[in-house]
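Both of the next two complexes hold chain A, though its partner changes from chain B to chain C.
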Partner chain A sequence: MKFDVLIIGGGLAGMTAATKLQSEGLRCAVVAEGLSLHNVSRREFCAAGGTLLAGDKVVSGRFSGDRLISVRTEKLGDVDLEADNYILATGKYFSGGLAADMDRLYEPLFGLDVEYDEDRSKWFDASFSAPQKFLEFGVKVQDGRALKDGVQIVNLYPAGEILAGISSAQGDARESVINSAIEAAAAIGRK
Partner chain B sequence: MQENSISANNFEQCQKCSLCETVCPVMANNPKYPGPKRSGPDGERYRLKNGIFFEDALKYCLNCKRCEVACPSGVRIADLIQQARIDFGRKAPKLRDMMLASTDQMGPIAGAFAPIVNFSLGLAPVKGLMDITIGVDRHRTLPKYSSETFVHWYRKNAEASQAAYKKQISYYHGCYANYNYPQLGKDFVAVMNAFGIGVQLLENERCCGVAKIANGMIAAATKDAKTNVEAFRKSVRQGRDIVTVSTTCTMTLLEEYPELLKVDNADVKDHISLVEQFLYKGIASGELKPVWKEGFRARAAYHCPCHQERLGWGIFTIELLRMIPGMELIELESNCCGIAGTYGFKKENYKVSQAIGKPLFDSIAAVAPDYVACECETCKWQIEMSAGVPVKNPVSILAEALDLEKTAELNR
Partner chain C sequence: MPANNEFDVIIIGGGITGAGTARDCAMRGLKVLLVERRDIATGASGRNHGLLHSGARYAVKDSESAEECIKENKILRRIAAHCVEDTGGLFITLPEDADSGYGFDYQAKFLEACNNAGIEARAISPREAIQMEPSVNPRLIGAVVVPDGSVDPFRLTCANVTDAVLHGAKVLLYTEFVDFIKEADTIVGVKLLDTRTGQTSEYRAPVTVNAAGIWGHGIAAKAGVQVGMYPAKGALLVFGHRVNNVVINRCRKSADGDILVPGDSVTIIGTTSTKVPFEECDNMEVTPDEVRLLLREGCALCPALAHTRILRAYAGVRPLVASDDDPTGRSISRGIVCLDHETRDGVKGFVTITGGKLMTYRLMAEQATDLVCRKLGVNKACSTAQTPLPGSMDGRIENVSKCFEGKPSAGQKGAAGRQGDLVTRIRFDSDADRQLVCECENVTLAEIKYAVRELGVSNLEDLRRRTRVGMGTCQGTLCIRKAAKALAEALGKPELAEKLAADYLNERWKGMRAVGWGDTLREMEFMQRVYKFEKPYSYDEV
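Right, the complex of A and B next:
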């Protein structure tokens, strides 16, 4: 199956970008593991002809050089979902967009490069209510595109809380989430 | 006293976000139902302590599984509820529930007297009597039975010619195609044959058991499940994958067997596919080559049944129907139709059932399609009765849209 844009994650960032791109005439698909509460944008997205793969999860991606070629999902099995561009909006730790071991922080889906402090003792503050540094970590970007082993993936745009510096666990991050989604959508729209 | 300490259904993953409650069609319409969060993961904490915390109100769950699709933490909410009903439901099933649930016992009896049964079940006094005596709501249009079953038709008209095809599959037809609507089975055979695929029946196919599970007849459902899985194994050994037409049967065979009935299907699971998935993959890979009829025109609204939503395979149907030249396909917003198998037939559920379906009926009326495309047989009964628009299975739509002869020539 082939789409213009495939959006991974159906939260605030994913749905904002998807609705914008779909209404601009691009053929979009959203893979949303669990439904978020953004009923209005979801309805708008579907009414505009967008494809929503609800309750499904991207499990792997195939890369070639500096491009993401296709992804596969848990429920569609061996069917390849292809797109010209991808938006990665899988959030931070709670939603599984980022994960951590004792000694490293990583992006579990594609193994993208992440920005974090290698000194683990600096990840957190022992005081529960103090600002927590691990919530500031996120995937690395260059011109809005993700990096994998130092190579810019030219058609993969992270958006929302997976980005460094955006975290809804510390104050209201909605504006930054929406802005990052609109920026990613605009960059794809300009192509 | 603590009776158990762990649950197989990962209720500990529940974060109390309540998204499941926002998508539950019953909760919005029946105040007696505590909702998926309380009935599922919340209630499970208590039930693991002691079975006396089981609530009878869990019977209002229609097992649409929309809560599971919505859950961001992967909790099998509907399974928790069904499992609790299996483990703690104390009431023996009523005569009505047994009659509604025993589709493959009632089928042959009703089919033998089909004209009389269909005529009688349409009469107001009979409906009134059934309403009072056994509690099948009088407003309900009951499914018609066919005098000739699909299997009988197949043995007489199709079986002999099947071996000639180069590729072979086994067809799990289900009770509906067999007893109520053999035309669906005939369309299936016509489409498969056109693509050069021979259709065999399974040895000793039984009802998938979904209605028995819903009505507390677990021993009978488990027996059917074991027979079916054995039949699938035999078919796979003979080199034939299994193709199904009903979304609910398919979900039951794939998911409910291991999860609820504890019947292991791991070795055959990957050999079972829904017909739309099977055909989409075949056509997309170029293995199957369709020739479409010239001048075919239709405006259809696609309704994705709940269990198709749960399988996550609605996209196969959509992509398949979009391949048809002359097909204008409108995707309806995903909503439950309210029937949920035997649920909506019960007098105590009728009003809730119709209230649940209303947003869907309204959206169909707004689109005013030639027909609704839908893979589910009980959705078909509900939508035809309540929205007054015919419902066609995608297989039947394909049988109409394909130039069967030219397709057969190309796939020989």
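Right, the complex of A and C next:
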């Protein structure tokens, strides 16, 4: 199956970008786990002819050089979903966009480069109510595109809370989330 | 000096030792004052596994401790039934233990030592062990069943304090010891500071008992005597649910992280042992190395721990005491240390009770009280081994549940489990009172009101120690504002709610910071999101 844009994550960022791109005439697909699905934009997206893979989850990606070629999902098994461009909007820790073990912070889906403080003692402030550094971490980007092992992946655009500096756990971040999604969509639209 | 400031004995320290000593003294008819600078069980008493030792752990190396343990184990099952859960325990042998000299030869030696100490221990096959406790490491090559259990140390301390009060003792919480009042070579009283009002006061008694755990070192120094104490930090991890139902120990020489204890809704692995400076005792942080070690050893007992969410980490300080006859301090005693400073140092009217362990608190209290009674010329025998604690009067929880009309609710069952027969004092009058505040631990508004009314609660940490509010899998994330509001209203100070919740969250946050990765990190983001979206808990705004 081939799309113009495949959006991973159906939260505020993913659905904002998907709705915008679909309404501009691009063929979009959203892979979204049920819980995070943004309902209002979902109706709009489907009405505009978008493909929604609800309750499914991207589990792997095939890269070639500086491009993401295709992804596979939990439910579709060995079916390769291909797209010209991808938006990664899987959020931060709670939604599984970022993860950490005892030794490092990482992006669990594709192993993208992440921006974080290696000194774990700096991650958390002793006061619960103070700003927390761990909420500032995110995937590295260059010209709006993700990096993997230092190489810019030219067709993979992270958006929303997976980006460094955006977190709705630090206060109302809806505006930054929406802006980052619109920027990613605009960059793809310009191509 | 007004007469109401005069007592027969003043006990410093509201941990399990002080609480037990206060109970014993009060039961022998003495007029008792118990002083605690914070809340009950805030030191080592509340910062351990909550293991009801069978004594098996000490059987090979220290038969005296083992015998003490099994004796007290049997007593606690009787007098503190509502604090104890009869989980049973396993001592498992892994293939790598055999390689390091702890194989079947050691197991045989262990069995013999247990039976010599009076601990019923019996070897079972690995297959039987897995049937008994499915979470146990399936690679085990041998297992021994022992009468271990779990004990809620907060509940146990609270029950002792409650009984002391029922026998006429006066208890001052959040009251700090400042100095002794001395007359020549005799301690005749203490100067105290109420940390909430800032007021100082003087109390007098012919005998003062130092039962302040590791902090007893400084208290003894104020009396001009030296007790060679060494703070030994022990770190522990709490897992997000009850992974095992049977205590799992490693059958080898005691080492770090080799005991896994199920307690209420969680499982606890511990512990480490590190000497720390006295300055650190008041505020201990668990280090990454300690966490790594505990996880590694924990997974050897129970592999499922590798992918179980860690709720939090915490640490306590054991008050280790160097033997008096060893000036280097290398020879550390783990046994009970009861010092008469009159015969030892020429300071009259002063006793230190320390060393020992949670398991032997009652025996420690008995020894200290015997000494106090000798000093006061009181001739009355100890009866704490026979007399059940408040909460355990009716024995088993099943009987307690019968006091409810109809089928007890989850909140009533939870309360009966925690408060034992005292649950009859909780007033489940209205629908609001029956509502759950903490859903992880099934704590109702009625139980919170009861704790405020009768158990001396002034903040959410105090409430947690008496009701387990916020101790479950959500760590207060979903209930603490409700609990704070309920507590503030029960205290008659509704304006305190925000501050109570903020303090509680900081304390939970501390335990989570040490284990901030994996699912715990997800929980931490969630917690921040729940409470900070509109930043209601910034101190600047409160």
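Methods note: the second predicted complex is superposed on the first by the 188 of 191 C-alpha atoms of A that agree within 3 Å, B and C clash if a C-alpha of one lies under 4 Å from a C-alpha of the other, contacts with A are read in each partner's own complex, and residues count from 1 in each chain.
Throughout what follows, a residue touches a chain if its C-beta (ideal position, glycine included) is under 8 Å from a C-beta of that chain, and two chains touch if they have at least 3 such contacts.
None of the values given here were measured: they were computed from a predicted structure.
After superposition onto chain A, the modelled positions of chain B and chain C are compatible, with room for both.
Using the contact criterion defined above for the overlaid structures, shared-chain residue A:106 touches neither chain B nor chain C, since it reaches no partner. Seen from the C-alpha centre of chain A, the directions to the centres of chain B and chain C diverge by 90°, a value given as a multiple of 10 for the model superposed on chain A. In the overlay built on the shared chain, the residue A:168 is in contact with chain C alone; chain B does not reach it. In the superposed model, A:63 makes contact with neither chain B nor chain C. In the overlay built on the shared chain, the residue A:132 is in contact with chain C alone; chain B does not reach it. Touch criterion met: A:124 reaches chain C, while chain B stays clear of it.
Touch criterion met: A:34 reaches chain B, while chain C stays clear of it.
When the two structures are aligned on their common chain, the gap between the nearest CA atoms of chain B and chain C comes to 7 Å.
Within the complex formed with chain A, the chain C residues making contact are 288, 291-292, 295, 502, 505-506, 508-510, 513, 516-518, 521-522, 524-529, 531-535, 537-539. The touching residues of chain A, when paired with chain C in their complex, are 92-94, 96, 99-102, 120, 123-124, 126-129, 132, 134-135, 167-172.
On the chain B side of its complex with chain A, the touching residues are 19, 22-23, 68-74, 281, 284, 309-313, 315, 318-319, 331, 333-334.
Those residues of chain A that touch chain B in the shared complex are 1, 33-37, 39, 43, 46-47, 49, 51, 53-56, 73-76, 79, 95.
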